[in-house]
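Two complexes are shown next, each including chain A; its partner changes from chain B in the first to chain C in the second.
Showing the complex of A and B:
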């Protein structure tokens, strides 16, 4: 057995022990496993490499923190409630369209923060009662939230696994928007209709209307939507006008600052602290993943995995990718993207790398449905008031398989799709 | 100019993470906060 394989096994073992036996947060377990890996490989405690690894995701951390502040502002100001009311009021006669729009709202926090947890806990917790009011059972509602969270995390503009995979082979996060939109939105619409349509088509609109929070719309009128519109306009300008390149963190903060004056008043400092608090575990995981990957690279473990992936036959690569990436997500979907996503992307370099990286990020995202961590499934079950999350995972098995098939199809036909969906 | 703005944003995030560090009750979460702060502080000081 090679020293690289021994190091890898020790790293995985220490991580699992930290997570499950010592009940440490995932981030700290990753730090311990990185230190253990370095010690086993005879590198001592390489402080410089550990700090170097932390820097891999500093930009991403800024996006997550500022996006969460923006998300909380539009939640506290009443904008999210107002958008939900408009959608139900305008589209209740078209239940299929209404469900699709509700799915977009559920996905929205994930789309801007890149975190499925943010989706499920913020917009998900607002839309869950609305869905249940419309007659969708508890289990199906939880499934909609869980799959919405996962697909929201992958949908543009912010997709952390794609950034992580791209960073591994120095692809800038640019030109991903359309491939990611095509990978996520069709699936999201299929899933929400699959879980909710048969219940919503029999909805009693009068009963639902009575329970909606219509107050922000009536009280503040159009101005309650201004932060949302501003954020979208600035994002578009950011992409279209290079001279106007503000960056996502600044855009989120500008829109959040405006949002403080367009709706309900709230304690801004307390809200900002709570926002950062809710994303601290994700920020810590990214730091841990950075260190984990840095030590894997330092000790040759990453090379071992890359070589193993590259030496697989083509069919074997597809099977290995479809099985190993969601399974590794039990550790962390970001870890899966980094440890397995990068070598798989290297093994498919003959194909258009942006489409392949986007599809790999979709497959890696399923890690958030993989027990025991299963962040999306656990939080979705909690939000709807279910005691156990296993029924959610069972019910989501078919959608998860569909996600894998959809991702694999994009990789297989990446070169054929490229002229139509890549514009960089 | 944009560098200065981003250093200010980083300082804001450091302040919020630091605030959480001191109000967090669990030691593991305090360690998590401290870990997150290390690269942010180094970046805001332009050390790296």
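Showing the complex of A and C:
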């Protein structure tokens, strides 16, 4: 047994022991696992590597913290209730169309920013009450948000995993739009109808109307929507006008600051503290994951895993790709795109690389549903008010399998599809 | 909060502060970079900000070594350390500065083109920070840096990087990659300013020939290759043939016209220089690599790549002998020599003539195999 394999097994064992036997938080278990891996591999306790690895996710952590503050602000200010009323009022007669529209809204921030977290925590938190008021149960609502977030981050125009995979072999991010649209939107509509249609079609509008909180709309009028509109405008400007690139954290903070003056008054400091507190465990996990991946790379465990996946014959490689990319995404979907996506793309170079890279990015995105990070699942559960996120993951198992099959089909038939969907 | 909680919290905080101070000192020390010794032809050492003052007092400003020949002639620029984790790029620049005797023309060498990238390491990659070689003057320590500008100097990255002036879109992290930032911008971010500084030097000094020295992971398709701007294709062809005749496996590629931001495309398009980029194989920056070791960085020895070779995943042959730093620097230095000879044949009135720089044979093929992996390269350094 190689030292890399022993190191990997020790890391997994310490992580599981920490989580399940010692009942430690996931983040601390990951830190202990990283330290144990380094010790077994004869690297001592490499403080520099542990701290350096922690910095891998600083940007993501800032997006999460600020998105959560934004979400709380639109809740507290009354904007959320106002939006729910408008959507249900306007579209209740066309339930299927309304569900598809809601799915596009959930996906929109991800399409613009390339982040499933941004989708779930911003548009997801706005759409969750709408869905639940229409009768979609909490669990199904969370599933719609989670899958919407994931597909939003892959849908065009902004797909960071595809950019990361493409950059690995110097493919410019151009010509990806149609393949990505075909990879994501059909699935998105299928999933939202699968989870929500049977509840929405029997919606009793009169009963729902009675539950709607119309007060913020009446009291504050148009101004209650300003933080939402501002966030959307800034996100679009961020994408369209490079010189105006504010970044997601600043956009969320600006919109949140404006939201403090457009609706109900609330204690800003208390709200901000609560928001950050609620996402502290996730931020801790990301830091632990950063250490974990750094030690995996340092000790050769990453190389062992990647080489083992690529060692399989072509059919086995499809299976390995379908399993390893989402699994590695437990560490980070962007990490999965970079570490596994690029080698897999190289192994399929006989096929049209833009379609393969787009499909690989779709499969890598499932990492955001893989514990312990499972950002899309965790935040979707949090937004709808569920205590645990595991039921969301279980319920999303079938859609996740459908995502993998859809992605693999695109790879298998990449050359046949190319004349119809590639125009570069 | 109970008393016990306060004690635990205080101890955790104290531990965190201690780790912060210890690692903070380590990260700060990485800003103190080793520089080349002055070789026999070094006549001046300038800063890049002498050509573009916008870089003055920033971590993007970098030393430019000027090697003035005894007779006038053509002008050549060698860029090392475009990517600070591509060791043979900057070690070739060090070797050139410390050994070259320039007879005709002027050679400018920048050992750390992205100075900022040399002052940190990539999170998640578990790279070395330093390595030491025995040189003529004793042990000298060198840095191993990052592919991209230090985020302390330029942060945060946008979601999507839009290249100026083409408008090409790339992943946001490429914003800090100087070899996606050319021709640069006077009022851009630090990376674009560094690129602009290099282009300003080329324009101001009328540089005829520019070399950009790189390494790539063995699974990267463009490897053991020279990429040239279309204006340099004749020189590239002649030089490449001479390299092949000497048994050096080298592919020649013309710079793609639709892939922007790289030296071989933008410096050729936006200045009068003949732009040439060379790639050699470095195991320590690949995704298929094994554990980080000194032998992997300097010797190119990596068992994972031996396995990958058997899987036909690589674009460069790989076996237990690896690709030692002497071979990688030898390829670059011999490449500079052959392409500059081809330039001299095409421009006999403005030649660039130099000697003293170790050849591929001296560095690699004629070397005692036991000394490969750093020791032999060190023997040429001052």
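In the analysis below, the second predicted complex is superposed on the first by the 241 of 424 C-alpha atoms of A that agree within 3 Å, B and C clash if a C-alpha of one lies under 4 Å from a C-alpha of the other, contacts with A are read in each partner's own complex, and residues count from 1 in each chain.
Just so it is clear, a residue touches a chain if its C-beta (ideal position, glycine included) is under 8 Å from a C-beta of that chain, and two chains touch if they have at least 3 such contacts.
Just so it is clear, the model here is predicted, and its values are computed rather than measured.
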Touched partner set for A:51, first chain B, second chain C, both or neither: both
Which of chain B and chain C A:248 touches, first, second, both or neither: second
Superposition-derived comparison: chain B or chain C, residues of chain A touched: C
Partner chain in contact with A:339 - chain B first, chain C second, else both or neither: second
Partner chain(s) touched by A:347 [first = chain B, second = chain C, both, neither]: second
Which of chain B and chain C A:280 touches, first, second, both or neither: first
Which superposed partner A:294 touches (first chain B, second chain C, both, neither): second
Partner chain in contact with A:109 - chain B first, chain C second, else both or neither: neither
Which of chain B and chain C A:149 touches, first, second, both or neither: neither
Contact residues common to both interfaces of chain A (with chain B and with chain C): 51, 54-55, 62, 247, 249
Contact footprint of chain C on chain A as seen in their complex: 4, 41, 47-49, 51-56, 59, 62, 113-115, 158, 160, 163-164, 166-170, 172-174, 238-239, 242, 245, 247-249, 290, 293-300, 302-304, 306-307, 310-311, 335, 338-339, 342-343, 346-347, 349
List of chain C residues in touch with chain A within their complex: 19-20, 22-23, 26-27, 121, 123-126, 129, 156-160, 162, 168-174, 219-222, 258-260, 287-292, 302, 304, 307-308, 311, 313
Footprint of chain B on chain A - complex, ascending: 24-25, 27-28, 31, 51, 54-55, 58, 61-62, 65-66, 246-247, 249-250, 253, 272-273, 275-277, 280-281, 283-284, 287-288
Chain B residues touching chain A - in the complex, by the definition given at the top: 2, 5-6, 9-10, 12-13, 16-17, 19-20, 23, 28-29, 31-33, 35-36, 38-40, 42-43, 48
